[in-house]
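Some structures are shown below for you to check.
Look at the two complexes coming up: subunit A is in both, with subunit B in one and subunit C in the other.
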Partner chain A sequence: MTGFAQALLLGILIGGVYALMASGLTLVFGVMNVINVAQGAFLIFSALVTWEVWSTTGVDPIALSLVTTPMMFLLGWVVYRLFVRRVLDAPPSATVLLTFGIALVLEGVMGLVTRNVFHSVTPGYERTSFYLGPLFLPKAYVYTFAVAVVVLSLLYVLLTHTWTGRAIRAASQNLPSAQLVGVGASSVAAMTFAIGTATTGVGGSLLAVLFTFFPASHYVWISRLLGVIVLGGMGSLPGAVLGSLILGVAEAMTSTYVSPRWATVVFYIVILVVLLFKPSGLLGRPVREDVVAA
Partner chain B sequence: MRAVSPGRVGARLDPGRAAAALLLVALAVFPLLARGDTYHQNVLFSAFLLAVEALGWNIVSGFAGYVSLGQSAFLGVGAYTAGLLAIHLGVSPLLLAPLGGVAAALLALVVGSVVMRARGHAFVIITIALVLILQVTGLNLTSITGGSNGVTLPIPGWDPALGNLPFYYAMFALMVLSLGLCAWVRRTKFGTGLLAIRADENKAAAIGIRTNVYKTLAFIASGALVGVAGGVYAYFLTFIDPRGMFDILVSVSILLAAMIGGRGTVWGPLIGAFIVQILTEATNVWANGSQARLILFGGLLMATVLFVPQGLLPAAARLLERRRTRGRAVEATSHAVVTRPIEVSRIVRTIDTDDGEDLLVGKGLTKRFGRLVAVDRCDVTVRQGTITGLIGPNGSGKTTLFNLLTGMLVADEGTVHLAGTRIDGLPPWRRAHLGLGRTWQTTRLFDDMTVLDNVVAPLSRFRWRTLAASAVAGHEAERARELLAFVGMADLAGVRAGHLSFGQRKLVELAQVLMTQPRLILLDEPAGGVNPALVERIAGLVRSLNERGVTFLIVEHNMPLVLELCDPVVVLASGRTIAAGTPETIQRDPVVLDAYLGEDPSTMHDEAPV
Partner chain C sequence: MNAGRGGGSEQLARERRAGKLLVAAVAALAVVAAACGGSNASGGGGGGPIVIGASLPLTGDFSQPGTAAKQGYQIWQSMVNSSGGLLGRKVQLKIVDDASDQNQIVTDYNRLITQDKVDLLLGTFSSLLNLPASAVAERNKMVYVEPAGGAPEMFSRGFHYLFFAQQATAPHQADQFVKWIKSLPAAQRPKTAAYPTQDDPFTKPVIDSIRKHLEALGVRTVYQTVYPPDTSNFSTIASAIKAKSPDLIAHGAVFEDGIGMIRALENVGFSPKIFFETSAPSQGDQFSKGIGIDNTEGIFYTVSWSPDADYPQNKQFVQQYEQRFGGVPPEDAADAFAAAQVLQKAVEAVGEIDQAKIADWLHSHSVDTILGRLSWDETGAPQQSFLLAQWQNGRSEIVLPKEVATTDHVVFPKPPWK
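Take a look at the complex of A and B:
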């Protein structure tokens, strides 16, 4: 029983961090119908920068998200302007392939620069825990969860209480109408992509504290994030949160009761099953195309 | 690189064919001339392997348009099947390689029959997940796959003097087979069906193409030879491990090769495979290894998507075509519609069922989109031999009703019967086979195909051997030409459908529908957006077809035309049938006037139409 409660707790804590990482992916899909497969590589990139700065200066890795977030925002904006913008009208698979290409280039560059070894960031609190009766809460999990909740809340406020946020939501619901009332589609898309990428800034810094990683880890991460947003409903922010919590717990349970080696399979299977049988996910809007009988 | 000579663009050019044959012969004799040059033999072996994979990819992703990043799954399954069996049975893996193909085909059958339901993004992502699942599973099932340690195969048993020649020729043969398969598929009904699915899957289903079977078969065809190649490859390496075999990067290089060369062409993937393989070798030689290859592949993928999404071969072909037809393209499309009367009796055989019987009956049909009820407990009946009109204000649900009747959408409630057979649970292609045809308000032709190919594409039933039949041949081609003559479009048979004007497209779509001899044709705004002369013409065609027994259900906003052509007329408002009767009664019906002109206080009632 303790084992179960422990797994549940860890699953929820890690799920909160997944939710933050997935929020950017689902936001970008919701607004511009683009699945940014490079999101995983962006995460690893931010984690690597965090590692680099932490290991040379000793600055707290979680605090470094204040640096990595604007950095990734800028990177997202540039990537959108240079590449993504040009394929928005192409068939949907084109954007998947384009961002896959970006991920590969980034993976290669990171491999060249870091000599392709495993990294992990180990601040002083890394091996200590809070205790709650028989349960333990690793401090790194608690801190990163707290940061994820704060950032997600900020994102929510940004989307609901600012003009930019309302423009983004309007564009995600009905782009032509949003354009008619003065929302510039191109600038909203650039802003969305930049914000979506910025979430990988803080996400990557948190990742660096929680996991070991190396450049090719981005495949695992993009699979996790895709699993999350596919389950929650692509384009839905509450769906991403729900999907993250469910999959965080499912992963922790699999690690506890089956084997950590099988834990990632959970995500792949979720992707397969949900996309095949309920493509709209838990909280997604039904997709007209999929209503059609084939 | 000698593999790419611009002269080989388009298989029709004879110099092209000669160059192609020359290339194959050169590759066949190369190891005999350069004996002992194992380095170049091995580079070519890898290029052949990539070509087999890329040509396979081409069938499901190039022809059918379902972009797959899961092709390395077939390679891995083939490699493991042949490799493990060889170890247990003590037989040469080369002999067991065909079993690898069988295993890959089975995988494609099982996975394809479910996975092909997903479209667009979803399909790409599922195929990525497939490879990753197989890799993790392979790594974890240590007892079978050796886990990350892999499995070592026996070294080849043949005379060492032969070197890698048996591998070279085995893979070369597989490449030629793959090339043949691609070329053959392209020429058959099966291939045309796949192209139709790529262009417009719903339309393909509506003209009787059994899309699910086509797609699954395409997936199998794309995997089977790759599975065989996997067996050969495993033996060549004498080592297999899950990371190397179920490698997403291999999938990427396959997709790259096919896309660079030109997806959907026959030679493009082969040419692309040689380009990608040579570039890979270059990174190995000059840039030392895997990081450089990642950057190269990633960069190439981005560049291809951004700058030559069609691939090099089609880009070159288009350039040539433009040079050749400069000034003539205009001439072809500016042709006025030419009338060349052809007896309607040649077009439709008389349908001899009793006029007046109910042919199509929809009862209680309901379709909701979220909270919007587009069609609301709607009843509609079309009697045999009539030209029934379907009118109603914008947004009254006419097109949605069409979609429910033809199976483009599945109704939430209600039934549809065609000539007594219940059809509401049937997919669109089955309904087409039962004699239901339709056109679209905006017309949906396969723009990249010629007018003639468009008209030949529909199928009036599903037979396995039809799949292998030539796409355009014999009796069918003749019938298609007659149909084009009937609608007055015979002169444009060879023009690409994308070049036609809107009115011409309407006529071609009508000819296309007629191909399968439907008993009932649903026309969605046949007169919308075309000039008055053409409206007259279309009306004339409809009348003459009707005289031969073809029944029509027509959505139309052109009231004079409806009143003149249709009897009875059904009126739809807010998703419901509010009136039906002769044009005269409809014209005088206050409820109908209401629906069109708004509330008349004298006829106020509860169900106010929008």
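Take a look at the complex of A and C:
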């Protein structure tokens, strides 16, 4: 029983952080139909900046998300204006190729600048835990989970209670109608891409505290995040949260009760089974491709 | 190593391949451009440079060790050229990037051999990449000295032109560690042990062989598990290990999993009396910064090279590295340097570039390198043993074998995490 509670807790804590990392990816897909394969590279970039600033100034890495988030917002906006904007009307494969290209370039640049070595951010609390009777809660997991919950809540409020957010949601639900009532498609897309990228700012800072990373780590992260949003339903924010919690808990349960060897496999089996019965993912809306306006 | 990376949508994999195609196309263009430029790099004898070809993982999963290997080759090149070259000719390196991809590396070595017509080859990094690359070399009857690829599968194919330029294959990597445990008085020996390892051709055989030896010695196995390369959470494994509280943990780590596991053990508050880990602890300050320098105390690992070992040319290698790239050379750079030394010694002894003669010479002679003296059996597997190292007072010290030990002190039992 203790083992079960322990695995469940660890799974939920890490799932919360996965959810934050996946939120931007699903948001951008929902509104723009763009699968941003560079999301993983953005995460690692933010983690590297966090490492750089933390190691030179000693500022708490989690607090640094206050810096990395606006920084990544800006980067997202620039990347959108310079590159993504040009391929919005192209087939989805073009956007995947473009964002994959961005990821490769970013990986290369990070490799050159940082001598391609592993980095760890160690503020001290990453080694210790809170104890709850027989259960342990690593402090880094607890702190990063708390931040993830706060940021996801802010994102939710932003999407539901501000004009920008309502415009973003309107554009994702029905672009032609949204345009009719005065939502500018281009500015909404720019804003969405920037917000989607901004989540990698805080996501990267949290990743830096939890894991050791190097430039090529982004491949692991992007495949994990894509899995999460496919399971949850592409484009659905609550879906990303649900998918992440399932990933976290499935990983922890499988490695406790079966073997760590099966931890990844079980998650993908879950995805397969869900897609068999609900091809749009757990909380995804079925899309009728035949009437979707370009 | 991670050929079977668990995740990855099909889409991503496809685009990744497309990306590599692009890279390949650009690389091909560059080659054409170089050829048009009238370079006389292609083969041939006479006074032109000797061209040595290699493909290394400079991007992708193995980009970190791949980059280090390139540095090792480059330092060897500049040291050889500044002392008169090889057979009186300058040495020129032709190093291309295989993006840590098994298909790309086959293309690369085929191109190096048949189109660029390089005079000699040097190997690449990791068993995963050396497996196909060495097959290309063997088919073309080219000597293939490789710096890092000790999986048993490498040497079960009866290759004649393949040589592994480290001291031992993976199953023998931890021989000195087992020897040390055997040397302990029976009362002090560990009673129980846990064996977590990554599913990797260079870690799993090491851990399997430690387990086999220790079980024969009467050490009870209380936990063993194999996890896939993309595992990043070790809390559940650590908490399972804590529940068994073994005296010894032998962990088959590549790198980030080594740090992840130690952090997780710190988190659950469990520290064994003996802690052995493959690879990760040999990464100098990348390792000590990852887990905190205080927590390195007493951690064992095996390593092929030490900056302090008193072998010929070792000091110059360390100095040149410091001058050119800064810092202490990583082990992977030293291994690459040693591989190039092996090739150099054989070519000099034979006195000409004759692949068959070079291979025959290496099969019947031993070579002094910065890793010590190396020799090979008929399959190209080396016959020596790795160094057993231990972190002591924030430094890595060589504990065994006695001839090259930097200290006669062994930290045992390991102090608890700080």
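Going forward, the second predicted complex is superposed on the first by the 261 of 294 C-alpha atoms of A that agree within 3 Å, B and C clash if a C-alpha of one lies under 4 Å from a C-alpha of the other, contacts with A are read in each partner's own complex, and residues count from 1 in each chain.
In the analysis below, a residue touches a chain if its C-beta (ideal position, glycine included) is under 8 Å from a C-beta of that chain, and two chains touch if they have at least 3 such contacts.
Treat the numbers as computed from the prediction; the structure is a model and nothing was measured.
Participant: I'd like to know which partner A:F83 touches here: subunit B for first, subunit C for second, both or neither.
Facilitator: Only subunit B is touched by A:F83; subunit C is not.
Participant: Based on the superposed arrangement, let me know which partner A:V96 touches: subunit B (first), subunit C (second), both, or neither?
Facilitator: Touch partners of A:V96: subunit B and subunit C.
Participant: Check whether A:L158 is in contact with subunit B, with subunit C, with both or with neither, and answer first, second, both or neither.
Facilitator: Neither partner.
Participant: So, A:L272: does it touch subunit B (first), subunit C (second), both, or neither?
Facilitator: first
Participant: Between subunit B and subunit C, whom does A:L66 touch in the aligned arrangement: first, second, both, or neither?
Facilitator: Neither subunit B nor subunit C is touched by A:L66.
Participant: Touching A:V258 in the superposition: subunit B (first), subunit C (second), both, neither?
Facilitator: Neither: A:V258 stays clear of subunit B and subunit C.
Participant: Determine, under the contact definition given at the top, whether A:L132 touches first (subunit B), second (subunit C), both, or neither.
Facilitator: neither
Participant: Who does A:L104 touch here: subunit B (first), subunit C (second), both, or neither?
Facilitator: both
Participant: State whether A:V150 touches subunit B only (first), subunit C only (second), both chains, or neither.
Facilitator: After superposing on A, A:V150 lies clear of both subunit B and subunit C.
Participant: Based on the A-chain superposition described above, do subunit B and subunit C contact any of the same residues on subunit A, and if so which?
Facilitator: Residues 35, 93, 96-97, 100-101, 104, 107-108, 111, 116, 219, 223, 226, 230, 259, 261, 264-265, 268, which sit in both footprints.
Participant: Give every residue of subunit A touching subunit C within the complex, in rising order.
Facilitator: My answer: residues 3, 6-7, 10, 14, 35, 37, 93, 96-97, 100-101, 104, 107-108, 111, 115-120, 122, 126-129, 136, 138, 141, 211-217, 219-220, 222-224, 226-227, 230, 251-252, 255-256, 259-261, 263-265, 268.
Participant: Quick check: in the complex, which residue numbers of subunit A touch subunit B?
Facilitator: Interface residues on the subunit A side: 35, 83, 86-87, 90-94, 96-98, 100-109, 111-112, 116, 219, 223, 226, 230, 259, 261-262, 264-265, 268-269, 271-272, 275-276, 279, 286, 288-294.
Participant: Could you list, by residue number, the parts of subunit C that touch subunit A in their complex?
Facilitator: 5-9, 11-12, 15-16, 18-19, 22-23, 59-61, 63-64, 67, 100, 196, 199, 225-228, 230-233, 235-237, 239-240, 243, 255-256, 259-260, 263-264, 266-269, 283, 286, 289-292, 295, 417
Participant: Could you pull out which subunit B residues touch subunit A in their complex?
Facilitator: 67, 69, 114-126, 128-130, 132-133, 136-137, 139-140, 201-202, 205, 211-212, 248, 252, 255, 259, 290-302, 305-306, 309, 369-370, 407-410, 427-428
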